[in-house]
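Same chain, two partners: subunit A is paired with subunit B first, then with subunit C.
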Partner chain A sequence: MSAPADVHAFWVLLGRAASQPVTDARKELYRWLGKQLRPGREVELRGSGESKSLTFEEVRTDAGSAARLLREDTQPAADAVVIIDLSQTAYDLLREPFLLHVGQAAMEFADRPERTVILVLPGNAPASGSLLWLALEGGEAGPSGSLLVLDRTGAVESRGAETKLPAHFARNFGTRASRLDASVQDRFESKLLRRLGHFDLGALNRKAGKDLCSHHFFDASACIEELAVLLDRQLSGAISKGGRPKWMLVSCGSRSGWTREAAMLAADLAGIDHGEWPRRPTKNPPKEFVGRNLALLFDVVRSGDSARLALEAARRWQDVQVKLAYSAVGPNRAVRDLPGGLKLQPMAKRSLERVPRDRCPQCELELPFSDPEPGQEQGPLRAFDLWSMLLDVDWLPEDYGPRNAERFKSSPDFESVFKRYGDFLAYRYELLLNDLDDNELVVASPDEPAVGELMRRLSVRFDDRIVWIGIPREPVLECVREDGAESNVKALLTKHAEETWARQLSNVRERKEAVVMIDEFNGSGTTAQSMANLLKGAHVDVRGFLPVVDRRPSVDLGAIPIHPLYEIPRPRR
Partner chain B sequence: MSRDGAIEPVAAEECRSILHYLRGEKDVWKRDLLLADFANKVDALSPGLADAMRELAIRSCLPQQGPRPEIGKILREDTRAPKLVDVVITTVTPLEWRAARNVFAVDEDSLQVHNGRLYYQLKLPCRAAQRDLEVVITSIMRPLNVRATKALSEIRHYFQGRIYFLLGIAAGRQGRVELGDVVIPEEVLYYPPGRRRPEGTEPRNPHKEVPEAVQRLVNYYEPEQTGFYDCLAAGIRGFATGDLPDGLDDSHRPSILANNVVLASGEELIQDGLLSDLFKTEERVAAGDEEGFGFAEGVGDSPWAIFRGISDYGVDPKPNNWQYVAVYAAGLALRDYIENDFDVPGSETF
Partner chain C sequence: MEVGESVCSFKGSLDVPRTENALMEVPEGPYSPRRVVVDLRETGFIDPIALLYLYSILVRRIALGHETELRLPGSKAARDFLRAWKFPEALTSATGMKFRRLVSPADHGYFGEEQTHYLEGKAASLEEFLAAKRFFGLMTRPIESSARRGRLVEREWSRWRTPLILRVLDRHLRGDGRDVARVVIYELLTNAVQHPGAGSVTVGSSVYGSVSRGQRQDRAFAVSVWDDGVGITDTLRKAMGAGSIRAGDPTTVDRFTLKPVGWEPRGSVYESNWTPDEAASDAELLLASLFQGISQKAIRTDIEPIAMPGEEGRATQTGDGLHALYRTVVNDFGGSLALRSGSFFMNVKAGRKGDPTSYSVKLCRYADWPSFQGNMITARIPIASGG
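Let's turn to the complex of A and B:
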């Protein structure tokens, strides 16, 4: 039986100040690639199991840094399959000098006759004039091994020795690679923001003679591309290629700029025109609508009243046909009785609360209306919102926490809070973090289930550009000592040197980047103090401590500022 | 405010929100954290608002009976800032209330009701202030000093007067005053307190003195110069028969007494000649009532004065048919005084 083939994979991530563990699904893809190129052999995955991460600053100032990162690992076996995976970084962030150096590194790896190098790019392959191709030209003879360049769809360019690929290799790779990412629908739904507040819907529905409020307000400005892709799929399925010149996608809902942007992008993708619904009712249709079939895009449709008004108006217009109606967000139940028998197709369905003003609890409490424009929230969470979240989940006895400290007998199940309201909390964290750090974001926290869920939501909000250093509780607790003696931490880091979190801290320290500490709540300050001691001992700069709920606001972390989303002075005893 | 001053929560809104959740929450641990949150924020409020909020928080611990009142409505009632007006006039009995409404010709459209108490708002021209004054007329509604103090506390919650007047009737000391006269006391003597000994009661009578600036202005008041008596005669001509004492006509010219006048105030209706007894210890005692001292206590540090019409002599039998004309005359004197010689506290001439 032949020896296992080595698969040496480099997962290159840009915009990160520390490495990240390679996910199991990605490792599986790498193994699959190995088996395709070494048929009949078992494969063994080599490498550190972590990403090769670079900050944008490093890419900008030292394009060769990536190649050095690749070369610093142990050399792959002579017949190894070497994978350089750039697929996770948006193509426009891969600068040409960077591609040149990566291409040169790939050529060096391919300089063994038995070796196969695979370079995986994001999206479609770069244009023919790209420095990447220049690097891959090599000398007159080209590489002695074989070199394949794949894009995410599986399209293949090859260099050097001929590689015999199995049937349907490209298609199968494209399918498997696409499984690594959440579907567009999932991405759209997870990035769709449901802000909490007190929103005046009356101003939006006055034409319908209603004064309504809502505790929620939806915002898709962070997922315009996903919305556009979903719309394009709908439009492409509904409109024949030949009929497209007659069609126009019209954005309705002028209050949200994202509706317009998404409609413009979707129209561009679908190859049809884009228009905007008139702001005021008009007797005659806008000139650009005349003779057209219209597909309308509404932002949020709750009862369908606003859609009905628009469609009624359109029915009175001469020579305009509204044939399709979409909404970014729609109610869980079907919107009935739309004029012309139209069906509204929502891209995401949600429970859409709206309350007549005379029954609105926030109106009764005389709470002011929230600004529907995102990014306006200042300061801590509103008490109404915080408590609506905390009281919406079970309260459980605290099952982990500092040693020798009383556990809370009943505390909100923050994991459920983050599952239900993580989009909103991530958005509020974004507002806080934007003030602290505008480059690579590294977050350190105890590696616990609740905060892990919060980090997942933060990662979605930050388009995966966030590095989470989840430190297991044991090492955190070992740093409880108030003095945070450096020698103790040094010994601790040495003891755990092979663990991911310790290597990530090492990355951050070497790059002189800073981290922020996040936790679900600060109960006594012990964990926060321990984390601060650990990070200080690891010579990592801490920009701030950002608990969701600070139950001991008096805790002193020295120079580390504390910015909680909410304060309730009720510490652990 | 949070520790670094970067975050400034709107404490009142936050407290109302927490109260909203407190009211519906029974779980002891959730309530504990809600109350901790509430306690942390309520101290940032003004004392009156904080007290109202705390009361609601305490009420949330009690079993709820009947429909739950709205927090916003309660707080609007409990925590609104009192409206600043120039003059607050209060009466006690329904007859006094009726007379005051007639004398000041209240507009029924100006009627307001706060916590079941009626208030009329009107404007009176004031020669000294050279402007119309904002005047509120209301009623203590029930006799006795303690009730007067309590009522004034409530009235001041809605209307903050620059000056407060008590208008009504009183028993007069025979020999010093005549029926129908008007007394404007310099002091109120609270006559019940004392030390009871086997040999008798040793008086311990507190006094309330009308602020000197008010006394001075009252002393300048000359009803003969203002047309007061003409107005009174005109008013009497319009009285219903039942409101007029037998034989009284529009030639009635009551005296208005403001010098060396003390009002004796206690908790009993005087019909046993007590005023003559009190004269032995305080020779300025000219009249007696059951609300004057409580009223003067209830206005706190604000300026005040009392206008009382003499309707009887504090002995049996009482001549009941002098009550309306007495209070009418006192009310008319008060109105005449405000329009002609009164100046607003805080002004240069006050």
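Let's turn to the complex of A and C:
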């Protein structure tokens, strides 16, 4: 039986200040590629098991660093399948000089007759003028081995020795690679932000004789593209190609600029016109609506009252047909009794509460209304928002925490808080971090399930350009005040040198990047201090400590500023 | 005309040579302390690079406290162009002077005038929307610190990745709209922020067109970046004093056929594997700055005489940035790349048809002219017909 074939994979991530572990699903894709190119042989995955990461600044100031990162690794075996995977990096981050250097490194790897190199690109391949193709021309002879360039659809370009590919290789690769991505629907739903506050639901409801408030306000400005793609799919399914000139997608919901942007983009994608619903009721339709079939897009539909008002107005207009109605966000239950028997199709369904003003607890507490415009929140979370989040989950006895400190008998289940409200908390962190740091975001925290969930939500908010260094609690606790001397930390780092978190810290230190510390709770300050000791001992600069809730213990973090989302000045005993 | 006053009249198309010729009418040059009236009344078409050029001169004059008056174009398209480029806002932001104070009272009808948009059909509404969001126009940003340089590049690059602008670019440009952010914006800015002594960078962009006999003509998308740092030729000359400016060999040899104006080249065609020596003229140095492998930072340790901004001066660079830029702009988008620095103006466009390594370069030297402050590079990309 022949020896296993080596698959040597480099997972290259740009816009990140430290390496990240390669996921099992991605490793599986690499093994699959190896088996396709070395049929009949077992494959063995080589490489560090972590990404090769570069910051935006490194790509800007030193594009050649990419190639050095690839070359510094153990050299692949002479007959290895070498994978250079750029697929998880946004196409627009691939600076041309960077592609040139990666292309040159790929050609060097391919210059062994038995070797196959696969370069996987994100999205579609760059245009013919790209320096990547110049690098891959590589003189008249070309590489002695073979080199394949795949884009995410599986389209193949090849250089050097001929490679026999199995049937349907490209299609199968495209299908498998796409499984690593979230669907458009999932991306839309995870980026959709539900802000907490005290929101006045506005004029349309008042016209219907109702003064209504809501504790939630939705914002899709971070997922306009996803919303537009979902709408385009709906429109393209509902409208025949020949009928498109008669159609117009009309955005309703003037308070949210994102509705208009998404509708404009969706209309352009679907090849129909875009229009705006009139701001005030009009007896006659806007002239661009006349003779048209309209598809309406509402931002958020709760009960359907505002949609009903709009549709009833449209029924009185001559020569205008409203035939389709969508909303970016709609209620979990169907909206009934819309005029003309229309059905409202929400792109995301949510539980949508609203409350008459005379029964609104926030009005009773005389809390001021919140600004519906995102980005205006300043200072800590509102007490009403924090406590409504904490009281919406189970409270459990605290089962982990610092040594020699009192455990809380009952504490909110933060993992559930982050699952339910992580989008909002990530948004509030974004506002804090925008003021604090402009560099690549690296977050260090104890490696615990609750914080891990928060990091997942932060990652979505930050367009996947965040590195989380999750440090297991044991090494954190080894750095408590009395053990936090630099020599002890050095010994600790040596002991754990092969663990991902220690290598990530080493990456950050080498790059002179800074980290922020995040934790759900700052109770006694012990964990924060231990983390600070560990990071200081590792010579990593800490930009700040950002707990969700700070109970303001008397703890000295040196020069590290504390920016909590909320303060309860009652430290843990 | 008042005593001690100069009037610079711009007629027809406002391009760089005409701008400079008009400014040359001012005794003692454009920064003369005498009162200057910049008269654009008979200007029909404004070239973006000329506008940014004029902007740089007006900013300097105002900073020096020299009295200046602006007569606005009589043509509506040209006035729209000023608005589209956010020319008034940029001047106010750079100088603190209200634009109205600069404009002759006879032209105050400009304020409150409605803007015409130049993309047609469905895209017109997208363009209008982007204009309303002030997407296009001029924007000046300080870049004294390393953090600010990085931030400027990343923020401007991010702006060009948003879905609506990508849709407009994809629909109207010959190449991949995503390459505007990835290559054009990125390399223009990366180049500008690395120029020694640069304290600020101005980025300008616009979709523009001129209207002639009811037909829309010359529709193009342009993005221009002006930095106020040391000129490219001076930087290269200084770096050459410390060693070679050749950091690596080109991966492909490009051929540049020259149309020289105001200087004598040593040949009519230059190839990108040529390395300028001490005897090279400034014009040749400017041309060579485009070549792959030519870099002010070829020598990493001994370019001390030049105050390099931050650590970038020490990073390994192989001089690929401008090479990538002209290939994308010319080969992929079918456009041209113009560069203004020192006493030079250079424009690069496609050369022999079907040959991606052939370029035609017009390189003009204005010997009697005060040196242009800083460096300005403009990528001009035609809007595909029917767009």
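Following the convention adopted for this analysis, the second predicted complex is superposed on the first by the 566 of 573 C-alpha atoms of A that agree within 3 Å, B and C clash if a C-alpha of one lies under 4 Å from a C-alpha of the other, contacts with A are read in each partner's own complex, and residues count from 1 in each chain.
Note that contacts are C-beta pairs under 8 Å (C-beta built on N, C-alpha and C of every residue); 3 or more make two chains touch, one makes a residue touch a chain.
None of these values were measured; they are calculated from a predicted model.
Contact with neither subunit B nor subunit C is seen for A:Pro166 once the two complexes are overlaid on the shared chain.
Applying the stated contact rule after C-alpha superposition, one finds that A:Pro113 touches neither subunit B nor subunit C. When the two complexes are overlaid on their common chain A, residue A:Gly129 makes contact with subunit C while staying clear of subunit B. In the overlay built on the shared chain, the residue A:Pro449 is in contact with neither subunit B nor subunit C.
With both structures placed on the common chain, the touch criterion links A:Ala63 to subunit C but leaves subunit B unconnected. Of the two partner chains placed by the overlay, neither subunit B nor subunit C lies in contact with A:Pro356. Once chain A of one complex is fitted onto chain A of the other, the partner contacts of A:Gly558 are absent, as it touches neither subunit B nor subunit C. Within the superposed three-chain model, A:Glu96 lies in touch with subunit C and out of touch with subunit B [touch as defined at top].
When the shared chain is aligned, no partner comes close enough to touch A:Gly291: not subunit B, not subunit C. Touch counts on subunit A: comparing subunit C and subunit B, the chain ahead is C. Only residues 56-57, 60-65, 90-97, 100, 123-124, 126-131, 134-135, 137, 224-225, 228, 260-261, 264-265, 267-269, 273-274, 438-439 of subunit A touch subunit C when the two sit together in their complex.
Considering their complex, residues 2-4, 6-9, 13-18, 20-21, 25, 27, 29-30, 32-34, 36-37, 40-41, 70-73, 75-76 of subunit B touch subunit A.
Residues 122-123, 125-126, 129, 147, 150-151, 153-154, 157, 161-164, 167, 171, 175-176, 178-179, 181-183, 186-187, 190, 251-252, 311-312, 315-318, 320-321, 323-324, 327-328, 330-332, 356 of subunit C are the ones touching subunit A in the complex. Residues of subunit A that touch subunit B in their complex: 361, 363-368, 378-380, 382-384, 387-388, 390-391, 395, 409-411, 553-554, 561-564, 567-570.
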